[in-house]
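Accompanying notes for the structure given below.
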Amino acid sequence: MSDTPSASDLTALRDIVRQFAEERDWQQFHTPKNLAMALSVEVAELVEHFQWLNTGEDHELDDKQRTGIRHELADSLVYLIRLADRVNVDLYDAVIEKMQLNREKYPVEKVKGKSRKYTEY
Amino acid sequence: MSDTPSASDLTALRDIVRQFAEERDWQQFHTPKNLAMALSVEVAELVEHFQWLNTGEDHELDDKQRTGIRHELADSLVYLIRLADRVNVDLYDAVIEKMQLNREKYPVEKVKGKSRKYTEY
Amino acid sequence: MSDTPSASDLTALRDIVRQFAEERDWQQFHTPKNLAMALSVEVAELVEHFQWLNTGEDHELDDKQRTGIRHELADSLVYLIRLADRVNVDLYDAVIEKMQLNREKYPVEKVKGKSRKYTEY
Amino acid sequence: MSDTPSASDLTALRDIVRQFAEERDWQQFHTPKNLAMALSVEVAELVEHFQWLNTGEDHELDDKQRTGIRHELADSLVYLIRLADRVNVDLYDAVIEKMQLNREKYPVEKVKGKSRKYTEY
């Protein structure tokens, strides 16, 4: 991806997030360890929107919740992209690679429709 | 992004993850609430790699840890993309929008080099 | 509690956990920051048991899951007690104090039976 | 512990937390799954206090942070106790049992002073 930034929105977002941190001289706080913690905190703010709901499907949400979920999804991706940047992981390539491993780990014929298999793997 | 999938690797990954779930008939388990929980669990597996390290910089890691971090970053993004898909959020647009709010929330002149400001905002 | 350790199982557990760490010379790794991360990782292992279940009520669990939940609850409490010990917080006193604040924050007449109130507070 | 409630502050706190929920008719929201999510959210609020700090030792904290950490520790224990109550786990017995397993898993002679062993186990 890195050699075709024009075709990659993940690379574009990486550069936007990197510039945001550099402009504020926040690289000093952005160690991989600190970014992993910050990511977990943002994801928990996302989880908080769903904790007392039945399923979180659209009909259970009001506009304030929809906007909050949208913003927490964005903040979570910002920290995920920033952490990947700091540890030199190309997220697109990493997902393509991991999804192949997931296909081997969860063969359709063994796990289709089974959450038990899902959790026991 | 959704109208220009060829230019969007986030959209390409969304489609790969969506197909993976559909082939296994896992949509029934992929409620927004369950996906938010699963995302938080994957992110914790990422955090686990850093919990006893000083900063998590590359020189503190061995190849086994680097691979683990790469895979957990991928799994985290997979669930983040899947959750965004289920709640109809375009992640690229959401991040562009949220980063503008972040620029207003953390003006360079007020927060430059200050983690205290960072945490107190 | 601290003045009546014999009547306090939280104090007894604090001493057991403290000794476990000291025997292994792990105090060096047990900074408040690292312990907070470790606690979040253990809690995620607890969450993992419930992520694909409907409610997590007993009839949805098998013995392997019940044992796993019991062990993750224990590990979570171990790190919570260890962190409280490192930051000099008496957990019993802290909960008594916080529950009084919670009573004032969530008056029965305003929040009875309402999850919306619950989440909006 | 359950046969000597008067000597158990964990049992006393369990009863206080149980009454708090019953008075508000919140048992309907307190499924094990929802409580596990709520616990993870409270723990993340605790983690948030430490994410940009070096170690979180006392000299890095101000009184506002000390109070915040105290309150988040309390809220985390409240949900941990509530969840244990809902899944019928005696936390004192569970920790005593798990610490014995931990002693066998991390023998002093093998892990003393080693975080690497710690993380690799």
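In this document, chain identifiers A, B, C and D correspond to the written order of the chains, with residue numbering beginning at 1 in each.
Note that in this section a residue touches a chain if its C-beta (ideal position, glycine included) is under 8 Å from a C-beta of that chain, and two chains touch if they have at least 3 such contacts.
In UniProt terms the chains read A, B, C, D = Nucleotide pyrophosphohydrolase.
Quick caveat, the model's predicted, so the values are computed rather than measured.
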A-C, A-D or B-D - pair sharing over half of the B-C contact pairs: A-D
Between chain A and chain D, centroid-to-centroid distance (C-alpha), Å: 27
Between chain C and chain D, centroid-to-centroid distance (C-alpha), Å: 1
Residues of chain A engaged with two or more neighbouring chains: 29, 34, 37, 40, 43-44, 47-48, 50-52, 115, 118
Overall pattern in which the protein chains touch one another (line/ring/star/complete/other): complete
Residue ranges of chain C touching chain D (in the complex, touch as defined): 1, 6-10, 12-13, 16-17, 20, 23-26, 28-29, 31-34, 36-37, 39-40, 43-44, 46-47, 49-50, 53-58, 66, 69-71, 73-78, 80, 83-84, 87-89, 91-92, 94-99, 101-103, 106, 108, 111-113, 115, 118
Contact set on chain C toward chain B in their complex: 29, 34, 37-38, 40-41, 43-45, 47-48, 50-52
For the chain C and chain A complex, residues of the former touching the latter: 37, 40, 48-49, 51-52, 115, 118-119
